Amino acid sequence: MPSGGLVFQSVILGLLLGGLYALLAAGLTLYFGIMRVVMIAHSAFLILAAYLAWWSHERLGTDPLLSMIVTVPLFFGAGVLFQRLLLSRLRPITLTMMSVLLTFAVALIIEGLLGYAFTGTQRRIQLSYGSASIGLFGARIAVVKLIAFGLAVVALGGLYLLMKRTTFGWALRATIQHGDAARLVGIDTDRVAGYGFGLGLATAAVGGTALSLDTTIYPSLHWHWIGPLMAIIVVGGLGSVPGAAAAAVLLGLMQSLLQIPMGTTWAQTIFYLALFATLAFRPQGFFGGRLAQRF
Amino acid sequence: MASEIELADVQAGYGRAAPVLRGFSVAVPAGSVVCLVGPNGAGKSTVLKVAAGLLRPSSGRVLVGDADLTGAGPQKMLAAGVALVLQGHSVFREMTVAENVLLGGYTIKDKARVAERAAFVRDLFPVVAQRWGSLAGLLSGGQQKQVEFARSLMVDPKVVLLDEPSMGLDPKATSTIFEQVARMRDAGTAVLLVEQNARRALQTADIGCVLDLGRVHVSGPAAELLADPQLGELYLGGKPTHIR
Amino acid sequence: MTLESRDVRKAFGGVVALDGATVSFRPGRVNALIGPNGSGKTTFFNCVTGMIRADSGRITYAGQDITRKAPHAIARAGVGRTFQLCRVFPRMSALDNVLAAVRPAGLAGGLRGARRRGEVDRARGWLTRLGIEHLADVEARNMSWGQQKLLELAGVLMGEPDTVLLDEPAGGVNPALLDRIGTLVRELNAEGRTFVIVEHNMDLVMAISDHIVVFDRGRPIAEGPPSLIRTDERVLGAYLGV
Amino acid sequence: DDGGDGGQASDDPIVVGISLPLTGDFSEPGKGVQEGYEAWAKITNDKGGLLGRQIELKILDDQSNADRVVADYEQLIGSDKVDLVVGPFSTRLVVPSARVAEEYGMLFVEPAGAAKEVFEQGFKNLFYAAPAVANDHYNHLAEYLIAMPPDKRPQTVAYAAMDDPFAQGTAYGLKAKLEAAGFKTVVDEVYPPNTTDFGSIAAKIAASKADMLVGGSQYQDGVNLIVALQQLAYQPKLAAFSGAPTNPEFAKAIGNKTEGVLSPTGYTPGAPYESNKEFVEKFKAQFGKEPEEDQANAYTTGQVVAAAVTAAGCAEQGDCQKKLVDWVHANKVETVVGPLSWDAAGKPQGAHMIQQWLGGSIKIVLPEPVKEADLLYPKPAW
Amino acid sequence: MPSASRRVLTGLGLAALAAAVLSFPSLAPNPYILSAGIVVLNFAVLSTSWNFVGGFTGYISLGHGALAGLGGYGTALLVTRAGLPSFVACAVAALLVAALAVPIGLAALRVRGASFVIVSIALVLILLLVFQSWAAVTGGSRGLVVPRPFPGLLRPEHHRVFYYLFAALLALALLAWWLIDRSRFGLGLKAIREDEDKAEALGTPTLAYKLIVFVISAGFTALAGGLYALWFGDLDPVFQFSILTGCYLVLMALLGGVRNLFGPFTGALIVGVALEYFKGRFGNTPLHLVATGLLLGLVVMFMPDGILPALGGLWRRLRRNQQSSIREVTAAELRDEREREGAGR
């Protein structure tokens, strides 16, 4: 029987972890739900961002958070280019399938280049406040995890508002749903789709930085993230940012609590069990996702 | 009087296949309705796509007012006052009716003006008002069509291109559409209408134009076309009563 | 082989699409199903063919309960349909589109060649009858709207259904061809096929149907022969809008 | 290289085939092993080679992948016709590659297959070139702890091991001995090799308030676990990690709070063995740094092979290999990690030393005869 | 149409291909080349097996690597635990995996497109976790050793035997694919690929069809996995349950052309050789990943239908230049024609 203190500590860890998951999955929601693109390379970009954060810290000694000043716009631009130069040239009929393969190719390229540039060695940012923590009713909250959580909240909130409240968000959704019709109401669909993709990658820059604060990174780490992140967006209802956030927090919490009785490896299966349960009982996802179940 | 929109000797097609339009010309003066009829696959929708800038002609010219807009994209065309309602279903399925309609006013900067137009189209199509908050993809076929039409009415363009606007609409809604077409004409808009409901359309139109195999087969005052028995049989359909 | 529905209800969230629809389409007739946009006609077709499941009520075909059957089973029982937003197999040739409607019986039947002489001839026959035989080798996605509509019809007919449900067969079809479709429906009806046609083209409906059912707000409000429907007060009010 | 009297060797060089995980998950230690092999080849060649022939290494990259490592040895033996092969890094790769060597009848000395599984396959040509297999790494520490007065020694122990035959082997070797002596196990966690978040594991360990922590770790996972434990303000009285603490980056990675951390090692640059002085000196000259365990094990592998070749007087595929195998089975070899001999399964017969971070550097504290300092217990806070 | 001469040509081509495949072991200069040939054949069987699902129904599975892994582990466990003879174990394991594919298929095939891709990825990852954690049965990360089916055989001989076994399995898989491709069942599957609801409405029992073809695919995949396990001898969950394997299969099938019988085989040949080449070329840097990625990207961007269709298209274009497939008739001509027909009747 686990002690109350351990359960409480695990709840806190789970919530913090869930927040990070939500941030990491946010971009996927964007491409996948709204743009019908299965972006296998998202986690590779996360790792890339984490590497850039690590590298800037290592080389310049700056706080990894500062690297976002460069990586966010950089990734945004890369996303725009990626969409404009590559994805937009795929045939709509086979977009889903081909995008899987194309982004898979990109993931391989990123992994290979990272390995080439930084070797396969595991890296970790050594922060002066890396092991600092604050107490809360007997439990401890690591400062770095709290920062990552904060980044997640800010990024996700911004994204949600952008998609629901701004003309850009509307235009993006319209572009994806009927390109010709969107062009006919005056939307510059090329640009909008490019920006949409750029936005997704920009979240990867934020997410990767958050990730780098408290974990080890290595080039092939992205494989490790693909499964849980995909599971999160399916459970959350494809294309729904709040849904993905809710699913992420819930799954993070469950994973953290399940580790107490089951250990690390078995606890990871919760993602896939949740995924299968979702598909069996509510293919449109448990949190929102309305028409999205079938595409 | 100068034409609001004119296609001159247009050649256009899809990919490597043989061209669909081969030397097609049409002119729509302001304040008039030109109705394009023709068999399935004749190239009617292709004409409208060229006119709206969705498809770039391989030769020929597209003139809007005095400007030569050959090869301009749909945004430029829209800016020049040309709007197209597509054939089939082109609502944004996973957005609400409200979002669909308001996106029709995407290019309008003035918020008040958008609200005003939205109120206008809600009046015109009761369905739009009733289902304002539901996802457009969940509406019935005819309801979606009405949403599309409402969306295109958010701007009031100089040239309206309509691709079979009455398809799938019940008689009431069909009447609304044709009334609306007449009203637009009266307000000085140039309307290029493609319709398979040809007799009804030609009754509303000023000029009729029969398209076959990518060329103008006949064109002239709508009433004359309606009266021509040969055209009737080939393109407009007889009175179906004789079927039984 | 009567197609009957009893008190069928279907609601989507707050929207009641079918509200206790009880109708009966008798065999050997050309039936029409008309009604304003959003009155539930397509939903009715979807329920009958099993594409969506009714919330309550019962649907029978030839005395058999088909309410909970899978769409393919209903199709095999002899009910074919077209879609309002016409659906074809975009990257298959017109001929293959039609051939795909051949339903193999059992495993052995499934392993038979797909392009056997007799069936290909039959498929070409349907294309010819609908006036698109010249498109036999063209991929469906490269065809115009009306051509696709005709192709879809050819596919359904290839399956030799006893009862054919057509959802707006005239939508976007050239009037000259429309006569042809009308004639074809009558011919096939004479050969013994039953039709249920949803259509807004009143000229066509009045011309070809024996029996008309009028829907409004998810339930029938009138039915009878064309002559009667044309003058029915309720129909005029709800639908024809005179 | 024109070293010594190497010029007089008219024969072809002796080609030694090696597959190494130069990329992928094991690339870090893989590169270390590569350096060890290169140092061995250079040092040997500088002294005139083997049997008067120069040594030429043919190194392939197996991408840390078992399929590839097999293909590599297949290629080295079947296609490139190398004269000798030596092993790759990691138990996971050693087992499949040893099978290839076995089926081609080649001598297979390897630097990194330490888990007990390696010796359970019935290989007759395999030899592990290090003092002890994984399960025996902590033997000296176990003896020491068991010998402590029962009321003074740690009472409860938490184990956290990476799911890897080697890492798990080290922790569980110690666990078996301590449990038998009545130490209570309060946490026993296994985590997959790709784990990057150690929060929950740390929470469990912290909640158990175990006196002693044993980590069956490679490098980074050990660091991550320690940082996660620091975040939770957990302070054990004793902490031992396989792998991590000997890494040069270790101190910085955990904020220099290394005092008292224990680690087993099979090698120390300061070891008194004769060949070691030469090794350390020339290695430094070649690579500009001190050799570590991975480098030393590879070098040891080379030494074993060299001894066999010298004794048997041959180095090529075919019957010669049998002679080499027989020789290694029958003899003891002097190496940089001390004298090594093997049982029939190729298992070495020794134990690892235990090191401890003391005053900012890592010192040998066990066993008594070779110790550089006394073991510090309890360890200060981190 | 010169269909007779075409048939002769096809026959000759097939014979040549078979001869090339079968004579390879005697031509291979050393056992290493032979073993590389086995690897390519294994890839060819796997991607042909994948193509039962991917090619016909358009469901893209990145999880077929896991099915092969199951076949391999199943074979190994049946040999070591149940004491079955090696090849019996392989067949039984394939049957078991095929049976297991029923519930997996029922769960996974309910969802389409992108969701299916995700499910297939999840399948790999969950199996990886299970096989890693359940060490008591699977050996976990310590791996599992598959006893040699022919213990006395020298390695080169061992390779030769397995080469022919793989070639036979490939022939079997190709035959099955060809049979389905030309059948009504196959046409039904292609209809599913194009529009599943429509196919269902036309009377195709789509779920049953998808399930059957998925099970067939799983069975062949597992057979290949089992055979590989017997040949290779060592199983490790990390390599048996890897998304990368699944992705390579897709790459091969796609590269060759998923609509062609020999597409996956062609792809396997190219990718197999390319992987070997990249390894040699980029040696000890991870640039081989970059090269593979670029190859995949180029295929997707410029040859989405695969090499064989691209070559076919080129050939056709060279032979008779640009024919318009749409016959052109005006409405009037059509009417005249119809009248003639009517008169003829």
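In this document, chain identifiers A, B, C, D and E correspond to the written order of the chains, with residue numbering beginning at 1 in each.
Everything that follows uses one rule, which is that contacts are C-beta pairs under 8 Å (C-beta built on N, C-alpha and C of every residue); 3 or more make two chains touch, one makes a residue touch a chain.
Predicted model only: the values in this text are computed from it and were never measured.
Shared contact partners of subunit C and subunit D, listed by label, are A, E. Among the remaining chains, D is positioned farthest from subunit B, on the basis of C-alpha centroids. The interface holding more C-beta pairs in contact, when A-E is weighed against D-E, is A-E. Per-chain Cα centroids separate subunit C from subunit E by 39 Å. Our note on geometry: subunit B versus subunit D, Cα centroid distance of 78 Å, whole angstroms.
Computed centre separation for the pair subunit A/subunit C is 46 angstrom, with centres defined by C-alpha atoms.
Centroid to centroid, with C-alpha atoms defining each point, subunit B and subunit C lie 28 Å apart. Residues of subunit E in contact with at least two other chains: 129, 132-133, 285-286, 288, 325-326, 331. Residue positions of subunit B touching 2 or more other chains: 17, 39, 138, 233-235. In subunit A, 115, 120, 223, 263, 265, 268 are the positions where the chain touches two or more neighbouring chains simultaneously.
Residues 49, 51, 70-73, 75-76, 80-81, 83, 87-92, 96, 99-104, 109-115, 131, 134-135, 137-138, 155-156, 159, 176 of subunit C are the ones that touch subunit E when the two sit in their complex.
Across the interface of their complex, subunit D is touched by residues 29-33, 35-36, 39, 129, 132-133, 140-143, 145, 154-156, 158, 232-234, 236, 238-239, 279, 283-286, 288 of subunit E.
Interface residues of subunit A facing subunit D in the complex, by the touch rule stated above, are 2-3, 5-6, 9-10, 13, 16-17, 115, 119-122, 124, 126, 128, 130-133, 140, 142, 144-145, 214-218, 220-221, 223-224, 255-256, 259-260, 263-265, 267-268.
Residues 167, 170-171, 173-174, 177-178, 180-188, 239, 290-292 of subunit A are the ones that touch subunit B when the two sit in their complex.
Across the complex, subunit C is touched by residues 179-180, 182-188, 190-191, 194-195, 197-207, 325-327, 329, 331, 334, 338 of subunit E.
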